[in-house]
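In what follows, subunit A forms one complex with subunit B and a second complex with subunit C.
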Partner chain A sequence: MAERTGRRKLSEAWFAWMLVAPAILFIAVIVAWPLAETIRLSFMEADLGGEEFVGTANYTDLLDSRNFHETVVRTFYWMFLSVGLKLILGLIGATLLNAAIPGRALFRVLVMPPWVIPIAIGCIGWLWLYNGYFGLLSGLGQRLGILDGPFEFLAYKQSAFYSAIVTDVWVGTPMVTLFLLAAMQGVSRDLYEAAWVDGAGRWYRFRRITIPQIMPVIVSMALLSAIWTFNSFEIIWILTEGGPRGATTTLIVDTYKTAISNYKFGEGAARAVIIVILLALFSLIYLFFLNKVNRKYGVK
Partner chain B sequence: MMDRYTIPQKIGLYIAVAIFLTFILLPFFEMFMASLRPLEHLFRSPYQFWSEDFSFQAYSDMWETVPLLGRYIFNSIYIASMVTAITMAFVVPAAYAFARMDFPMKSATLGIFLAVNMFTGAVLLIPLYRVLRTLGLLNTYWAMIVPGVAFLIPTGIWLLRSYLEKIPRELEEAAYVDGASRLYTLRRVVLPLAVPGLIVVGVAVFIGAYAQQFLFAITFNQTRELQPLPAGLYEFIGYQSVTWNEMMAAALVGVLPVMVIFLFLQKYLVAGLTAGAVKE
Partner chain C sequence: MATLDLENISKSFGPAKVLHDIDLAIRDKEFVVFVGPSGCGKSTLLRIIAGLEETSAGRIVIEGRDVSREDPVDRGISMVFQSYALYPHLTVFENIAFPLRVQKMTQDEVSQRVARAAEILQLTDKLPLKPGQLSGGQRQRVAIGRSIVREPKVFLFDEPLSNLDAALRGDMRVELSQLHRALNATMVYVTHDQVEAMTMADRIVVLNGGRVEQFGSPMELYHHPATKFVAGFIGQPNMNFVPGTVADASGGGVAIDTVDGARLVLPVDTAGVSTGDAVEIGIRPEDVRLGDGLDLNIRVLERLGGVSIAHGALSDGTRFCASLDGNARIEEGVPVGLTVDPACAHVFKADGTVLRRQAAPALVA
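Here is the complex of A and B:
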């Protein structure tokens, strides 16, 4: 009997590995191999002409560069601000779409477009909105007397950065909204009814039932969203290409510019490796705190 | 009773929804308005909210300005569909193994898949270019399909695994007792039960594949006939004289087919997400 269970276990392991193997192999060729290659390149002076080993020079150059420090800080600022806004708006949106009001089925459909269309297409719309002479925002601002003249949103450092944030939030919010909405609908009605019978108001029920119940989804959504936002490329590239004067250059844009636009493959690779290291560190720290949060809310 | 709102509360809710949706839909409204303005009035300052000469002219002219528009729309949907089909072929068996079986290094492998989320294509662009060149895939549909698949497999596994875990084990065990093989059970018992979950994950993968074609397309493909919609249209933005009204019209018409599909699928999608795809 024991032998049979043992054999069954072994064959199960084989079968499981056969099921997982194709996916692993695919990832190995398309992600792991390029990653190894990136690490190798990061120790090279590499361009179209060829490669030459330079040790850690690419890294020491970066660590000494003030520009690069600013880029790192800017990237984290970009990530925290954008993810924070996405979560807040997503939570508000999900709560609104979850409210029992006529028309909510329609509202749910209307939230989806930014999520389901190509990011680049949405950016074309924003490009026009931000235009100082013909765009709606500048036009409305002038009509309402907030602006004295045409305002090019993407031409100044500050406004370009925050405009890019708004667009990034716009792209990311619908997905967060729908996932949080799904989580809210999964919360048992019994909990709400019990609280309601006890005379708990809406705000109290939201704070004490909804939020703790959907906390696991909020935190996992936050991590995924943070990683995606950190690496958000298309939006910045289409709106500003990292300008004006580097104001919207995040790490990923910097990497792309260095490696693809300027053909400095080695220096680009070093930046890519740093992105991976920073994200890995961030995820580890995050998961550490996640464990604490989970314990506090009694989630396994 | 519990869900009843007073009239002021209702008004407040609708106002809040209106503000929220204004933010979400504003760019589309702006694109639509721009597409209606004749080109010479598009660049008119100061800004005019309403013009008397709105017309749908751009919607017929765009087919000449962007002769490959139909092709771009097709390419986008074709690439996204291929990515979805291939991704699901990898994801379904793997997700099943992660949901149901015990095997050595299980959590390590799962961790690797989740870690892949950390590298978007942009990080690995240079070596990816070389890999695709080695495989002889540059400037083909595959150049855009293959990387798309790789970066969507982890998300797919993550979503489908938690869905499969919700299916009661007893059904499979009953099949084993009857002497069914593992493969047979997977095909005939588990998959039919998982259809709603498969649709949700499939739709999520399709959205990912459809929304994020731009980078791979502009980097790995130079063949104009193969470009997906965003890359095809982006090319025009660099031109000296962009006929913006036609660009907007083309962009809106370009995403229309997929929007219509989602209109029909959305009920499924929200319901499916609720059913357990994200709940732990």
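Here is the complex of A and C:
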């Protein structure tokens, strides 16, 4: 009897493993193995010719490099500025779309294109806008007398960086808007009516009801958006390839240039590992923060 | 003097007219309950008083002042919602204090008023908690607290007890009645539950299809329903309606032949009926006793202890319910005879209006 139960337990365990096996296999192939391989590579001097173990040399080189420090700072600056703008614009957009205005269904659809059309197509459109000779922005600037000649937005360090931010915000805002809109629609109408009966005006209701009620979504959205923005590659690559003179090179672009363009697989891998560590730390802090927000705003 | 007058209130949502010329005069310190089935317009009427909906026509007058076009906050009303509408991110204290914060009242005044409201509602030890940590009844009390601190002229309640379980609802009914006495304020209360209406109201407004069917005290509605609708709505279990034909309307009452074959002579006004008219006799389940008269075939018997409710049908198939003695010797499937006290019966004409009863049972000392 005892033997039989033991056997059944064993077969149950096997069955359970069989059920999760596809998922485990998937994670192993897609996540675990590449991660392990990247970590291994980061301790190698590796190129097309072969590999050679160099210990922590790739890391110490990076930590000593002023360029790399600048890239890290630039990446975080890029991330905070872009995410901040996306959240502010998303919040304004969601509030407007949530208002009882005629034709809001149409506006809700019109918000989508930047998100829906392929990023590459959108970015090529922005490339034209930023072009100094036939671009809309340069032309408009000259017409209005702000510019005294053709201005190539992507050719100068500062203007290239902020132009890339504008494009990134343009691509990323619709999704933030729609998520915040969904959250706003989840807020009970009774809360607003109760506040209105008590004399709370629009701004007061927005501040004291809407914002606290959707705070958990704002925070979650900020985290997701931050990770995507941190890792955003296509937009920068299509617009500037990280230039001019590294002005738009974020960590992810730097990693690509090192590993793929220059065939320095080992150094690229070291950068990738640092990205993973930085994002993991960032996410940890964030989750801690999210937990606090959820507790504060009454979400169980 | 917080009187509330509704003058010819009409409301349409697009082509659908939901309220038809509502005219009500609610007195100072009165507890008035709007009752009716869902969709009768009672909540809409309350929301119109609150200022959450605009009227299509008519005036709302509070304390002699026309407030029809004013914002809710300027009307001197406060409202308690069915869902409680508490702010989940604020503590009980801040929830109650919310209207005062909007008014930018000083912290001292806020603390004082919240403390007083919390004391009345026995919430003092709950003030630091969040609504999520409270039971349904406590949440409802917080919502009431929020309306008390504003010291409004008129309190509005929109089905405040619907989300509570039966036992708690009973307790809260008593508490609300006590609160009404303590605050000495005019209150308008919406419910679909006729028990709440009967137990709490000074006067009840019965609404049906956006029209006032009757406005009167609970006992008036019970003993003198103006229409068949009111008669069927007020009273538990519901009134029975037995079809019949007027056999004689010339004497001091109306003689009616029921389909059952029985003849009842009822002391009601004879104006407006003549021999041969189809009428319905309204008989409350509690106004019959075992005896001769109607034959009831009992299908389901509910023994509640104090009373036994017998559900069944008369010999012609008319559904009938009788509320009999708790220990009555009756059984499911066994027919019994029922005697109707003619003084307690009601007669309704085909259009649903009542023939006035000549006498009604007075309250027993």
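A few remarks follow.
Keep this in mind: the second predicted complex is superposed on the first by the 277 of 300 C-alpha atoms of A that agree within 3 Å, B and C clash if a C-alpha of one lies under 4 Å from a C-alpha of the other, contacts with A are read in each partner's own complex, and residues count from 1 in each chain.
The rule is simple: a contact is a pair of C-beta atoms (placed from the backbone, for glycine too) under 8 Å apart; a residue touches a chain by one contact, two chains touch by 3 or more.
What you see is a predicted model; the values in this text were computed from it and never measured.
On the shared subunit subunit A, the superposed partners subunit B and subunit C are arranged side by side without overlap. Of the two partner chains placed around the shared chain by superposition, subunit C is the only one that A:Pro212 touches, whereas subunit B remains out of contact. Legend: residue contacts after superposition of the two complexes on their common chain; A:Ser188 is shown touching subunit C, with no touch to subunit B. Applying the stated contact rule after C-alpha superposition, one finds that A:Ile24 touches subunit B and leaves subunit C untouched. Residue contacts after overlaying the shared chain place A:Glu234 against subunit B, while subunit C stays out of touching range.
In the superposed model, A:Trp196 lies in contact with both subunit B and subunit C.
When subunit A is checked against subunit B and against subunit C, the one touching more of its residues turns out to be B. Using the contact criterion defined above for the overlaid structures, shared-chain residue A:Ala120 touches subunit B, although it does not reach subunit C.
Of the two partner chains, neither subunit B nor subunit C is touched by A:Phe53. Within the superposed three-chain model, A:Phe289 lies out of touch with both subunit B and subunit C [touch as defined at top].
Closest approach of subunit B to subunit C, taken over C-alpha atoms in the A-based superposition, is 5 Å. 193, 196, 299-300 are the residues of subunit A that lie in the contact sets of both subunit B and subunit C, per the superposition on chain A.
Residue ranges of subunit B in contact with subunit A, taken from their complex: 1-3, 5, 10, 13-14, 16-17, 20-21, 23-31, 33-34, 42-49, 76, 89-91, 93-94, 96-98, 101-104, 106, 109, 112-113, 115-120, 122-128, 130-131, 146-147, 149-151, 153-154, 157, 182, 207, 210-215, 219, 228-231, 233-234, 237, 244, 247-248, 251, 254-255, 258-259, 262-263, 266-267, 269-270, 273-274, 276-280.
Those residues of subunit A that touch subunit C in the shared complex are 188, 190-191, 193-200, 204, 208-209, 212-213, 215, 296-300.
Contacts from subunit A toward subunit B in the complex involve residues 9, 12-13, 15-20, 22-24, 26-27, 29-31, 33-35, 37-38, 41, 89, 92-93, 96-97, 99-101, 105, 107-122, 124-129, 133-136, 138-140, 142-143, 150, 170, 173-174, 178-179, 181-183, 185-186, 192-193, 196, 216-217, 220, 224, 227-228, 231, 233-234, 238, 252, 255-256, 259-260, 265, 268-269, 272, 275-276, 279-280, 283, 299-300.
Across the complex, subunit A is touched by residues 50-52, 71-73, 77-79, 81-83, 85, 87-89, 98-99, 102-103, 130-132, 146, 150 of subunit C.
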